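Residue numbering begins at 1 within each chain, and the chains themselves are lettered A, B, C, D and E in the order written.
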Amino acid sequence: TMRLAVTTSFHNSGLSDVLLPAIETDTGIDVQLLVVGTGQAIRLGEAGDVDAILVHSRKAEDRFVSAGYGTHRREIMYNDFVFIGPAADPAEIGDAGSAVTALQRISQSKAPFVSRGDDSGTHKKERALWAAAEQDPATFASWYKAVGAGMGASLNTASGLGAYIMADRASWLNFGNKQDLALLFSGDPALFNQYAYIPVNPARHSHVKASAALQLETWLTSPKAQGLIDGYTIGGETLFTFNATP
Amino acid sequence: MKPMSVVLKQAVIRRRGTQILGPIDMTLGEAGFSIVIGPNGAGKTSLLKVLHGVERLSSGTVTWSVPDEDARQSQAYVFQKPIMLRRSVRQNLAFPLHLLKVPKAEIAERVQDWSGRIGLHAALDRPATRLSGGEQQKLALARALIRNPQVLFLDEPCANLDGRSTREIETLLLASYHAGTRIIMTTHDLGQARRLASDVVFLLNGHVREQASAQAFFAAQQSDEARAFLNGDIIE
Amino acid sequence: MNEIWAGIAAAFRLIVTLDADLVDITLRSLQVSLSALVIASVIALPFGTWLAIRRFRFRRLTIATLNALMGLPPVVVGLIVYLLLSRSGPFGVLGLLFTPTAMIIAQVIIITPLIASITHQAMRELWAEYHDLLISLNTTKGQRIMTLIRDGRRTLLTAALAGFGRAIGEVGAIMIVGGNIDNATRVLTTAIALETGKGDFALALGLGFVLIALALLVNFAIHALSRTEREGRW
Amino acid sequence: MNEIWAGIAAAFRLIVTLDADLVDITLRSLQVSLSALVIASVIALPFGTWLAIRRFRFRRLTIATLNALMGLPPVVVGLIVYLLLSRSGPFGVLGLLFTPTAMIIAQVIIITPLIASITHQAMRELWAEYHDLLISLNTTKGQRIMTLIRDGRRTLLTAALAGFGRAIGEVGAIMIVGGNIDNATRVLTTAIALETGKGDFALALGLGFVLIALALLVNFAIHALSRTEREGRW
Amino acid sequence: MKPMSVVLKQAVIRRRGTQILGPIDMTLGEAGFSIVIGPNGAGKTSLLKVLHGVERLSSGTVTWSVPDEDARQSQAYVFQKPIMLRRSVRQNLAFPLHLLKVPKAEIAERVQDWSGRIGLHAALDRPATRLSGGEQQKLALARALIRNPQVLFLDEPCANLDGRSTREIETLLLASYHAGTRIIMTTHDLGQARRLASDVVFLLNGHVREQASAQAFFAAQQSDEARAFLNGDIIE
């Protein structure tokens, strides 16, 4: 067995339910998933409480590796972020040309917007986009709701409020409480969302199962994984795109 | 209010399968100072509680001559073990009056009056649970009398009292009796029974063994058991 | 381990600088939990007392159920309240979801069985003691309940404090119905959960220590107030 | 509202089909909570009783603190236990993190103050009643505690059940120290939180109803057992 | 074991600022059947509790002639309000013996013996809290005597007993006294005091007003108060 810390958005997508049994049959490794926030995942890795992490926050990942907590960073796959909102789309982001425009329209219409507000990969991406739109969420009025919660909980809040929210496609497709929310905008290359795998450094934590972590990495970057990841669909939509370089 | 009498018909209390009282058929008239006597465990307390209605019958009936609600409202009971509210002596005395929504001024006055009569004037603001055994018994008595009940039940009210207090309470009870209160009381002090009783109920093993006017009873007991009891002999 | 020291330091810093956000969410925590406590007590104290004095057919069943309800999972309570208050739910028109009111509702549901159970247990003894006297004085049901609550108030303290403790430390339900919205429904526990998720354990612990300090403060205050009453066992 | 019906249906389906996963996590829930309950009771019942019989300088302070600890936020307890058991913490070598043992440890910390507080409150009355007799018989401290626990066992039921309820419904701490790992540390509450996060309310509610049913079952069982003792107030 | 005597020096109990007992200087010798009398609230119960050690002095000292631990282990006390363990009659009787780790067989035997002596044989498996007032008092007495104490404190042990039980208990106490038990007892029954006392302590308002041999005391009281008390008059 080995322990892998993953972010809520990865787990909520349901992909792990496909991958884990395959990993077990192919490699004999029983992978135990710890589903936590990005920050917490990194902390678990730093403490040596997990053997590897799978997250999507480039800057934090680089810091993790350069501080010597991780041996190396290996990109596995990506999906993309999408804008969700009430089907009526009062801010009219459906035909926005770019993610930045969409955000600007939301802030102009002052339609309720739910932000993860938890420093997760998703949240960091959202802030970057606001910055690109030359807006500062700190100055927003109460239509901007930083809910400080995981992807699922934030989606629940958004559907309860009928608010806009930025989510990753996988979580959205796998989400069960859509009410009258709909996917309104997607496709901007700026919304690219890369997942990377980082084994914890055995030089720092001698007890980590480094060989299992490497075995898992090999499997995750194998053609078998590629088939499963690319082939994972919900309602006919592909969620993740495998992009590991062998 | 109308005077009350009470009739017990085939009254039985059963607990854990054994019959601790009855069957009893008995009438207690509208006036009188009835003393219930009998050995320990005879069922005196049980009988009083059944008459008053704090203990339920397993079978049989208790019927007061007035509607139930009236009967309950005009009775008072002094328990064998005094039950003290966890409040001051003053609040204990005032409690039954508060329940009746008596005006505050009148409550204060009657509390003063009764605390004087039982010699607990100085103790009014002390917690009732800290009083001595005898003081508690006197307080319980005053708390029962302060409502001017029409029917008064007393379960060994002088057991823990000193000689003088006993005499004073007896005077008080007799005054109350002569003023028309119906009194039903148990005691183990046969001297007291002789001094107070207008009629006597002699209980034995949960049954009424004898019921007679005090004069008749103390002059000549009908049963060997009653005779033995008065002599302090073994009764079987 | 260092994290724990860092947490204490963070708590200290937050308190000393009277961090505006901290004051805000602390007050909200108090407001929500105390409101829930008051409402739950108003329901649970008379109900628990009533259960202690009343014999009826399904009494044991009711008590067992009440005890079981102490185990109501907050997340489930949160979900149900969410579904009821959500716009598509029956009370959606009230627009209460993601407001402190919704959080109070959820907490009332969670702590009422706890307070009622402890009350029931505490009042049984007192009722056994007072039973004969109160029956003899021909009291009404209401008068009996009032008398027991009044004279048993010291033992009811534990019931109320247990309820308060559960409310102030609870996170599952209020996260769902409150949404942990910054400046609106964020309270100490949801903020702690947030910082934990972020991996900022020091800040999370700091907030936790503030919460514990708050609980201590409230408890000492209540004990001090109840001490002003006369001492000793009545 | 439909969700609630769907939840009931889901609960029904889960139970009727005896879903293997469900049986697994239900048993784990029971195992963790009952273990925590037993350990916490072994600590809290004597301690609460001891507090009731012992007068010492800081007694009121201790009691107020104990009451305050009922408000220990589970998330904070979870964090602290995590930090202690983490590989880089002092007990890291034991490798207990993300195991049921860790979850039991966290729950023991959470419910012990609750059980001890209620015990203390319940035992005060009994001690007032027995005080003179037990002093007069020249009993040792231990004999006093044993006598009170034995004769007050019925009133201690509420304390234990409150502890069990809190443990079985708790999610914040065991999520952090247990990690909600499938087939290893997933229990009912963490599964509910997971399904809630996925927005699958029907399943979440279904699991919630299973949890409530479990709590009811345990309570009825305990009440039935304690009923086999003779009836009535001793 | 050695006989014990006890000395009280400047013993005072204060409660809520008022002095409810003392200051008392008094010696109780190694043998005797001391009866403490006095009106309600005089402090009789408080005095006994202080001697036995269940109540603490606010100031002053109580000193037994043997080490404290020995003294405590060989005393027994029957409280004014019987304290019943919430167990069966049998378990109540066995409790003091269990504490002493007496072998089971012997416990069973002594419980049989004593339940017979107080006439509660048939009640052995009933909950003690449900006994009648008098039955509880007898049970408390048996529970105290079953340990064969060297010093026995009795606080109005016959208050709720019927005539026959009172006589039987008196016989039992006298037998015990003649067998060497030191007895200290309060009672409001002056006849009983005369029958039993070897010496008398007369308490008034928390003070020892008189202490004398029974013969001397009942023949001629030194104080007006004691005289008034024996007559049931008002004492001031």
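Here, a residue touches a chain if its C-beta (ideal position, glycine included) is under 8 Å from a C-beta of that chain, and two chains touch if they have at least 3 such contacts.
Just so it is clear, the model here is predicted, and its values are computed rather than measured.
Undergrad: Stepping chain to touching chain, what's the minimum from subunit C to subunit D?
TA: When the steps are counted carefully, the minimum from subunit C to subunit D is 1.
Undergrad: If you take the chains that touch subunit A and keep only those that also touch subunit D, what is left?
TA: Chains in contact with subunit A as well as subunit D: C.
Undergrad: Let me have the rounded angstrom distance from the C-alpha centre of subunit C over to the C-alpha centre of subunit E, please.
TA: The separation of the two C-alpha centroids amounts to 49 Å.
Undergrad: Provide the C-alpha centroid distance between subunit A and subunit C, rounded to the nearest whole angstrom.
TA: About 36 Å, centre to centre.
Undergrad: What whole-number Å value describes the gap between the mean CA coordinates of subunit A and subunit B?
TA: Centres of subunit A and subunit B (C-alpha means) sit 81 Å apart.
Undergrad: Going through subunit E residue by residue, note those that touch at least 2 other chains and give them in order.
TA: In subunit E, no residue touches at least two other chains, as defined above.
Undergrad: Can you pull out the residues of subunit C that are in contact with at least two other chains?
TA: Only 176, 193, 196, 201, 233 qualify.
Undergrad: Pull out every residue in subunit A that's touching 2 or more other chains.
TA: If we look for residues of subunit A contacting two or more partner chains, we find 150, 153, 156, 159.
Undergrad: If you go through all the chains, which pairs of them touch?
TA: Chain pairs that touch: A-C, A-D, B-C, B-E, C-D, D-E.
Undergrad: Provide the residue numbers of subunit B that touch subunit E in the complex, in ascending order.
TA: Within the complex, subunit B touches subunit E at residues 15-16, 38-41, 45, 80-81, 126, 130-135, 138, 155-156, 159-167, 188, 190, 229-235.
Undergrad: For subunit A, which residues are in contact with subunit C within the complex?
TA: Per the touch definition, subunit A meets subunit C at residues 36-43, 117-120, 142, 145-150, 153, 156-157, 159-162, 179.
Undergrad: Spell out the part of subunit D that touches subunit C in their complex, as residue ranges.
TA: Going through subunit D, the ones touching subunit C are 1, 3-4, 60, 63-65, 67-76, 78-80, 83-84, 89-90, 114, 117-118, 120-122, 124-126, 128, 155, 157-158, 161-162, 164-166, 168-169, 171-172, 176, 188-189, 192-193, 196, 201, 204-205, 208-209, 211-212, 215-216, 218-220, 222-223, 227, 233.
Undergrad: Can you list the residues on subunit C that touch subunit B in the complex?
TA: Residue list for subunit C touching subunit B: 129-133, 135-139, 143, 147, 151, 230, 232-234.
Undergrad: For subunit E, which residues count as touching subunit D in their complex?
TA: Answer in residue numbers: 49, 52-54, 72-73, 75-77, 79, 83, 85-87, 95-96, 99, 127, 129.
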